[in-house]
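Chain IDs A, B, C and D follow the sequence of writing; residue 1 opens each chain.
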């Protein structure tokens, strides 16, 4: 991108974060009902702090910190940048106010645009790449804004709605089929030609056995059968850690589900709604996804299987139910989707749990400095998810994208498709 | 009070709560940094819920609940009124918003004024007493509003100020003297002639040995000597539970104190200020008050001793440094105070820890119904404090008033004076 | 006592501790199922450590510590004697073995007897008093040995029995009566003429209102009525802290009770036994005792009331169901007990919860040095119990004796009698 | 194996468990200092319970349970076999005594031998395989017995020794070399021809890039350089979860290490010993192993790399420092070991952390019934370790063996060797 394009890109992404927050009441920006969820105003400020810390302070020799305490308040987890507010206390801070955070955003925007336009040529390339990283970082937080707002609203006894529910397309109740792929040596991972996170690289060869993979996501209808077959009461389908968690937390359905007079409802960003049976199941943890798969006699796909199936099916992330479509809720397959034997819903709707641990690719090296803390220090105790969700910006996702969460997490838009070894 | 007087009294007290919150930013109403502290908007709504629940629902047969969920959200601890939001999660609720809470207050005010004016005569007496109880309840929460705002601000890295610091009177560094009282049978407690809480009653006889009691509060100057004499490093002055807490929490000074370059500062509602040496020490727990007393070779007064000393000294709560004076900080003795040998600072400034456990008076009976939960179910594991503080409304306090907190609490304006057995 | 008498007294008490442990398997000496309970071998060694530390090391200039680490392992809570094994980990130590502990006891016995016989005259008096204190301390641990063994056995799925159940006397189902006492100024506390703990002193005057007190302990039959009247399901009888605990722990009966096929059993040192309806209720916390009293419309006696009622009734601790009787279980009143209108069961059977907090008596001063840690540092958050139990050695108890526990504790032999204000 | 061989094998393995416990005092069998560690008597009984439950109860129609409660007490984690003593409370049970456990073992031995000899032919094959499984299970607990005894002793202030330290071979301080292997498609996993755990199967193809692997284990000398280079103070080498743990626990060296007057010692089963610089580093968690590797600029080998390097180097588990050698401590390379360029110390000494998560192999299916709980329900949140340790029975280990632990665990004999991508 040239300077003008970068400024436009920058301002477009930055504005999107603020647009997401438009429906919020001032008070909605403040609380943190669980540790995983951050206050919306924290997200808005943290992504600005990232630009300030990684770019303005480094590339603008005259730059004066916007506020002496913001580095402490809005650093997320970077040891490289020193001490910070402890994560569980983010929701205990009333100040800076929303207005002050917005002023901070404005100032950073202005300083960044100026810097993009005036930076000496010799620093441009690295700088450019870091700005792009910062904007991808902000897009990640756009997804988190939506999932965290959803949690904050769902957790409130008044259960406010974020939006009027959108109308989805005409629905078909499609029988799932399994696409078969031949084993052999394949190549996965990001080739490095354009933007990608370091954890997607290097691209490398893997050996796959013959496998089959489901041509669409698992639906609420299918998941409900698992529930009704006592899936949540039958230890034999569950990993030990998952079963312990289920017992401790009293789990008996996906997050946000509630049974009222024998009928299942789920809390959505459009408020409480009847569970749409043909929509993909969502807000299940890895434990639930894995138990469901075990119950079907199948399994989750591995990350390489998923990636190869997408490659081979020539499915691209240029369409799907993303943040941009404004549903903020996974959608059923529509008639027009179902004609072909492709990997439907590979992109958008829900992040798909894979059976692969989040570990470094062969040849991966942790970066020096703060960026070494961006992805690599989390390479333990997490599982990989693929494909983006209905809260992911469309231009943020790729086939090689590796999302990762601990297996107990389920407040993100997370679901699954099945696979099996032939 | 007649109906008109009661309406005036009602509106005056109600307005005071809102006035206290005037300096707040909207976001300041939301957080709950520790379990003890409630969000300001919760306080404002809870006191309204009290009137709605105890009066409107009972005395107005046509009354419709303002909102079906507010009973759940704003019930504090009354089992009699059913389930409620769990206390530690009060700060996780963004809704109702401040504006909605204010609308709730308005509606309750209007309904209450109407009811006061129209209530059939036969219910008047009980009704009147419950309104007065509700207003005393609201005054208790006015004090909590101030202490909770102080905690919320102190806890924020930006340390905002609630007010511009007031100017206090000309200060004298007064040597404390001990007033001596003769032993014998005395009467303490509330005679029941006018408003008092049930826990102050019935008045009853006690036997006291000869005792001496300090004529003023312990000052920061005196407490600093304890700190500098390694008081916080010397187990021999401390109760076992207190010493364990001190070690766990790393206590080495009163709450809100901070040493910067060898000089002590304290966070006040006017922001961080140098410790005023002649002001009463404040924000000490019972453990600290008791350890300090042990270090001096003296002890805390018992509740009966304090009450008799006040009675005998003919000191009345009609003056002192209360909420009404607007300092919101304990003040040093001024020259005009010190001429006489009275119990200075008995009222206002700081609640004084006594060496008496909060237990029922002889002949006390737990009330039936919800009011039985107001005071009596807390009669265990707490110590009595007397005299009110700089955050107590002046017309709320009495000699017989029994405040009570667990011995580890120190976020209220709490201090001490010494006593000894002759 | 002269030297010979003291040696005899010393050896008699010391032997008693070992006799208590005779029925134990070697493995029974090791575990600590909950923090409150200490391993029997820890008790046996700790009481010896007390003699070693407070007497041998101080009064025998040639004394060499028995083992360099025993001071660390067997110090209970004395900051004055330095660091120690943290309480919750006492049960994680397999060594020293029981045999090694017994050898330690023997060595201490021999050294102590020698010292008693050879100590220079000028130190005798203080020394003598400290030996007596050490033996009273050992007697306190004899009671703890029994209650801790009971807990260890009850907690084991195999529920072993410590003894063959003894035969109790012929039982009468006695209707309780209330003895009435006139109010006025009375004197309570220990006059200091013979051995007593510092917390019983000084004797001092109190004022009592007219009161009535039950002439015997509350029975299982009476307590069962409370259970059957939904006592454990009715918040209105309970202190708030107690109700929270009840809900958290799922309490629905006294500790050690179990309902099998609709019939109540209790675990005793003679194994699981049907609840004896006419025996005093036992293993109830203060919360349960207080809730029971509230349910009856009465209350617990205060410590002064209990003490005055015993004084006035001329009841003495020279008989009762103590450790010496070998039942290790509270016993019903027998026919021969019931003829008179005295305070039955005031001594032995169960410690009686009073409504008085464990706080210092007027004029009490914390002792300097380690003995200041014996009783006084616990004067907070505990309630007073009176009269000893079926696990208390008969010659250990007095009218003025003040036992104290936190209100949630119930693994000791604890029960109650009722009182009321006239 | 035929019946006679199986009886001999059975008795040999069973006796070995008891031999391991010979040096213990009776009390050493009881405690559980941390949740991971089980009391030795629990291990001895649990492995017997396995034979009773999986074989005697199933294959002997006349079999009567040895004790009605032992199923409850000695079930480890099998939901299939119902409720059980909660893991953290194993150390709170004094009964059954050691003697009773030994009697249980005897009875099971006798019943099992009888059953082996008399079982109808048609059930023989499955029965035989389950007996072999049960014996491998017992061998796993033999290793745990040693590591748990080590922990129990280390944790005791008296630090008893389990054995007199053995004499190790003449030591060489060998410079490590890296063996290089060519990438390509390889086959790993257990072919299923003889005994193996289900998690090692099926054998399957993997693709490996070119890689190098260290020809011996990382030594204490090398690890000490990491410590001295502030490895434990430098977040940049650590995974985020590991760094948090390090800070919480105050880790600054491997488990059991202690610095005395500037010199490092480690607690061994022969008591406290100076750290042997040329011995393999041991008792490091995955976090420490990974951070060490990061510090060197290299990485841990993956499971397939380790397995292929062993295959290709033609190294077999028929020699090495196993339980059988009686050192119970990893040993330095001796002169005779170092001549060749093989994978030294691949078997025995320490389990080697790999960079591979413990997940199912392609084509693996969870077994039905209780055996499905043996290995597969733990396939989450754990990392694979290879090669056995100085506490592993020599005839228990294989190249394909997959041990697995959470990344924070370090009380097993765990160490590492390095690898790198070419």
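What to note about this one:
Just so we're on the same page, a contact is a pair of C-beta atoms (placed from the backbone, for glycine too) under 8 Å apart; a residue touches a chain by one contact, two chains touch by 3 or more.
This is a predicted model, so every value here is computed, not measured.
Hopping across touching chains, the smallest step count from chain B to chain D is 2.
Taken over every residue number at the interface, the positions common to chain C and chain D amount to over half, indicating a same-residue contact. Spacing of chain A relative to chain D, judged by their CA centroids, is 38 angstrom.
Between the Cα centres of chain A and chain B there is a gap of 47 Å. Residue positions of chain B touching 2 or more other chains: none.
Chain B contributes residues 25-33, 41, 69, 72-73, 85, 89, 91-98, 152, 155-158, 160 to its touches with chain A in the complex. Interface residues of chain A facing chain D in the complex, by the touch rule stated above, are 77, 79-80, 183, 185, 204-207, 209, 235-236, 238-243, 286-287, 290, 294, 299, 355-357, 359-360, 362-363, 366, 368, 372-373, 377-381, 407, 421.
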